[in-house]
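Shared between the two complexes below is subunit A, which pairs with subunit B and subunit C, respectively.
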Partner chain A sequence: MFGQLLVAGIVHGLIIGLAALAVTLVFGIARFPNAAAGDTMTAGAYAGLVAHKASGSLLVAGGAAVAASGLISLLGYLLVFRPLARRPVASLLVAAIGVAFLIRAALGIVFGHQQQVFQVPLAWPIEVAGIRIPPMDLTLAGVAACALAGAFGVLYLTSIGRQMRAVADDPDLARVSGIRPMRVMVTLWLLAGAAAGIAGLMLGVKTVVAPEMGWEGLLSAFAAAILGGIGSPVGAVAAGLLLGIAQEISTPYVGFTYKIALSFAVMLAVLLFRPRGLFGRVEGVR
Partner chain B sequence: MVSYIVFLLVIAGIYALLAQSLCLAWGVTGLVNLGLAGFFAIGAYASATVVKWGGAPVPLGLLAALAAGAIAGFVVCVSTLRLRDDYLAIVTLGFAEAVRVVASNEIWLTGGTDGISGIPAGLPRDWGQGFHLASLAAVSAVVGAVWLALRRLVASPWGRALRAVREDQVVAAVAGKRVTRLKAEAFAISAAIAALAGALYGHYTSYIAPEIFQPLVTIYVFLAVTAGGNGRPTGATVGAYLLIAFLEATRFAAEVVPGVSALQAAALREMAVGVALILLLRFRQRGIFPELNQKAPA
Partner chain C sequence: MTITRRIVLAGSAGALAMPNVVRAQGETFRVGALNPVTGAGSPYGSGMQRMIGAAVEAINAAGGANGRRIELFSEDSQTSPQAAVLAAKKLIEVNRVRAILGTWSSGVSLAVMPLTNDADILLMHTSGAPALSTPPVNAKSLGFRFQATNDRFGRAFAEIAAREGFRRPATMAFNNASGIGNTDGFRRAWAAKGNQNGEHVVYEPNQPSYRAELLRVLNTRPDVIVMGSFLPDTTIILREWFQTGTPMKWIIPGWAANPQLVQALGPAVTQGIIAVESVSNEGAPAFAAFDAAHRRAMGNQPGTANAYAAMTWDMANTLALAIEQAKSFETAAINAAIRQVANPPGEAVATFAEGKAAIAAGRKVNYEGASSVLDFDQFGDVTPDFGAYFIEQGQFNRRYVVKI
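Let's look at the complex of A and B:
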């Protein structure tokens, strides 16, 4: 039973981790909490669903999810967040809420409000040491691992990734060192969108696809980003895994419906006792 | 038709209270409250519980809502006041969701998803039209009173200090303002106003349930405050009445346009709300009633 929940928690945690990666990158570099990240996830899930219906391949679905979410994320930056860049953080945050509702309503108009599911073949679970693991979970974990490897590869092995981390550390210093903000920002939003897209696709395969799914997952993503330490990609993924496992393991005790409340409680506790999270710096009022 | 307009005016008054709440927190102090619907719900449940199950008179219920809202506001903001303000926004977002989850599941307290029905109004409902007119008078009186109080508060030295905090917390702190305390006070008062709106809503419609307190309510209020001008109570209040006019007008427009189902029309309206919010922030950030610069006292 415990092992079973652990497996479910790891898959769920990878989803939260990817979403939290999208949130924490934007929070660390563009410096505002992007409330539209959840609905970017939803867009990825729907794009994946359409591609999966047309092709039957989960790989194609993944490509479609990355492309659609990356594009939406970039458009959000170019059309909304870039013109507002010099405004107070509060304005950006409210604009992000506007973007979130825009995406969700558009998806509702195009796809309707009924829940849809990925038609994936049922398969016998593989039994490892008495724990039954559905093959789909292995596939999803593989997809997530590839996506994370890609994202961390960009962040830590490429020049643009180094520039992104430099901007996250100190935007002014990065600027005087000759780093072009525009290139960094475009990469950031594409990367964050792609991570959200994969997260949305995985969530859609695991549960159902509906216009509200991303908004409901947003709180967990924020909680993981805070727990991991704002701006820390490693922290976001680690915290996502922790939170996912904690949510699954607590289910027998507090019930299915209090998963969201658990994210909230974790978030409050972290902010009260260790606001810099597991790996982050403190973003206090100086 | 008349009763429909009276009903809308009462609802618009309740939205005006929510807008005034957001005006104080966001417009004046710079604290984004994404959990407005949560405080709205807290007030509605507090007052309904006290009046329906406790048998207290309605005014006592409203007081209970004010107290519950202020306490909830204080508790929510206290964990993040020393951090950057966007942390508070995230916490309030979580708070609203948590309130909805608790309200849906703690059936012994809130009636679960069935909600609470038959909430007494304090005015006899068998007056027919008279009941709605009396409710309109009562709600409008509350809106007017809160508007007057907020205007006084915003123009007072306390309000000036809040605006200083909004503009630059470091400067405000250097000038000897107690930043953390000011933010906590403003946020708690703002939450209490939102809770009062919830209590009035419950007593007027006689029915509350978790699905009423959707995040959509919060977005509507943000739109109203942004349109009216977020730094001035007058702007927020006018914005709320404009919002209801806009929502109802689009409802009628959707009925006239052929080939649009009710669900699609609702989604289209949500889309319009999102677009309007973005466009206003981009091009008309100061709203219809921009904040006035005050002369420093001589």
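Let's look at the complex of A and C:
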């Protein structure tokens, strides 16, 4: 039982973690809470669904989800967030909520409000060391691992990734060092969109695809971003996993109604003792 | 005297402030149709709305209710309480409707009823939540339910479980008034039959996985799981259950176990599921009239395809008959007349025109509806019959009807 809950928690946690990665990247570099991340996820799920129906391949679906969410995320930046770049955080947050509504409404009009599902083959679980694991969970965990490897590869192994982290650390210093902000921002929004797209695809495969799915999952993504330390990609993923696993394995003790509350209690407890989050740094006062 | 802007403004303000009666020389009785055209109720919502329209047409063709035509204003509840409240406010404050017909889900009806109560108008709905029967929600007794309560659904589940010979039923409920109402109704009725209840799990909406919940239930080795659920969560739970490879039966309310569920999961997963839905009053003359109207409006689809459309058809007819009986357009008088025209004793009538003629002749009528015999109890609830539909190779086969 414990092992199976752990597996369920890990897959759940990977979804939260990817969504939190999208939130935390924007938070760290563009410096506002992107409330449109949830609906960017939904857009990825629908793009994946359409591609999966056409091709029957989860790989193609993943590609479509990444492309569509990346594009929508970039459009959001170019059309809305860039013109508002120097405004207060509150304006950007409200604008992001507006973008979220827009995406959701558009998806509702195009695809309808009825639930849709990925027609993936259902298979009996594989038994590994006494733990029964559904094969789809393994596939999804693999997808998430590839997506995370890709994202961290960009962040830590490439020049543009280094520049992004430099902007996150100190935008003014980065600018005087000759880093061109436009390139960094475009990469940022593409990367954040792609992460959200994969999260949306995974959620869609595991559950059902509906226009509201991403918005409803946004709160846990924000929670993980905060818990992990705002702006820390590693922290976001680790915190997502922690929240997912805590929710699932706590159920034998606290029941199903309170498991969501429990994951937030975990977040509160961590923040009480470590206000900067798991992997966050203390910001110096300037 | 020169007409200044101020005078024009004062004049128009005065006109607006004049009592309704003065302006409403058109002499219509305004009714709102608030139905789930989009959202979870969308398989039923358009049909519900069109059947209100069709019934109103027939009523107006028969000369209207108490001499007034019925004027219909239609809105989409989006199956969402927030959207429904906005739409209800618009219907009440802008369109000044005197009754709202056809709210579908419990969440929507629970949100709208305080507004209709405040406006002192009737709300006729098809929701299951037991709370809609009693104060504080139905404090003014202006709410009428044309569908069975969730509790009655639960009793029907227990009848079916007993008939199918199940011994160890477990229950799973979506955490809201409707879901828990279903399973509580079942557990009470099951215990009343002298049986032992099994594991009971209440789960939260919008979870990416229900594996923990399922494992808890499956570990007690039930032979059937009785659900108080909706379509999306049922889809996820059944998919996860099938992948555990545990053979077992399911009893699920018909609004969750519907053709969309089969479409989502395929015939293999859904094989043998027992879907329970209230059945329309199919042998009745009123049903024949409804069926004909439904076929006309819905591209020749039979009336049996949408039990909720039969309920909204009955709503319009009951309301119009009550107005006719009350000889009044006041809510209190209409409200008092609803049971007079719908409940026995009296001459059984199947259409508004028939009932109008009988009332004119001074006889007491008893409208026998298309959705059920439509006898309201003290709470404004009806008791329809229930069909046990077995899903076999993706088809819904009704094996029998249970009465409670």
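Here, the second predicted complex is superposed on the first by the 258 of 286 C-alpha atoms of A that agree within 3 Å, B and C clash if a C-alpha of one lies under 4 Å from a C-alpha of the other, contacts with A are read in each partner's own complex, and residues count from 1 in each chain.
By definition in this document, contacts are C-beta pairs under 8 Å (C-beta built on N, C-alpha and C of every residue); 3 or more make two chains touch, one makes a residue touch a chain.
Only a predicted model underlies this, so the values are computations on that prediction, with no experimental measurement involved.
Asks: Taking the superposition on A as described, I'd like to know which of subunit B and subunit C A:G56 touches: first, second, both or neither.
Replies: A:G56 contacts neither subunit B nor subunit C.
Asks: Would you sort A:L102 into first (subunit B), second (subunit C), both or neither based on which partner it touches?
Replies: Touch status of A:L102: first partner only.
Asks: A:I15 in the overlay: touching subunit B, subunit C, both, or neither? Say first, second, both or neither.
Replies: After superposing on A, A:I15 lies in contact with subunit C but is clear of subunit B.
Asks: Have a look at where A:H113 lands relative to subunit B and subunit C in the superposition and call it first, second, both or neither.
Replies: Both subunit B and subunit C are touched by A:H113.
Asks: Which of the two partners, first being subunit B and second being subunit C, lies in contact with A:P275: first, second, both, or neither?
Replies: first
Asks: Give one of first, second, both or neither to describe whether A:S263 is in contact with subunit B, with subunit C, with both, or with none.
Replies: After superposition on chain A, A:S263 lies in contact with subunit B alone.
Asks: Spot which of subunit B and subunit C makes contact with more residues of subunit A, would you?
Replies: Ranking subunit B and subunit C by residues of subunit A touched puts B first.
Asks: What is the contact status of A:G142 with respect to subunit B (first) and subunit C (second): first, second, both, or neither?
Replies: Neither partner.
Asks: For A:A35, is the partner it touches subunit B (first), subunit C (second), both, or none of the two (neither)?
Replies: first
Asks: Is A:G153 contacted by the first partner subunit B, the second partner subunit C, both or neither?
Replies: Neither partner.
Asks: Following superposition on chain A, which residues of subunit A contact subunit B and also contact subunit C?
Replies: Subunit A residues touching both partners: 108, 112-113, 216, 257, 260.
Asks: In their shared complex, at which residues does subunit A touch subunit B?
Replies: Of all residues in subunit A, those touching subunit B are 27, 32-33, 35, 80, 83-84, 87-91, 93-95, 97-102, 104-106, 108-109, 112-113, 215-216, 218-219, 222-223, 226, 255, 257-258, 260-261, 263-264, 267-268, 271-272, 275, 282-286.
Asks: Which part of subunit B faces subunit A closely enough to touch in the complex?
Replies: 26, 30-32, 34, 79-80, 82-87, 89-91, 93-95, 97-98, 101-102, 104-105, 169-170, 179, 215-216, 219, 222, 226, 263-264, 267-268, 270-271, 273-275, 277-278, 281-282, 285
Asks: Where on subunit C is subunit A touching in the complex?
Replies: Within the complex, subunit C touches subunit A at residues 38-40, 42-43, 78-79, 175, 201-204, 206-209, 211-213, 215-216, 219, 231-232, 235-236, 239-240, 242-245, 260, 264-266, 268-269.
Asks: In the complex formed with subunit C, which residues of subunit A make contact?
Replies: These residues of subunit A touch subunit C: 1, 4-5, 8, 11-12, 15, 108, 112-117, 119, 122-125, 132, 134, 136, 203, 206-208, 210, 213, 216-217, 248, 251-252, 256-257, 259-260.
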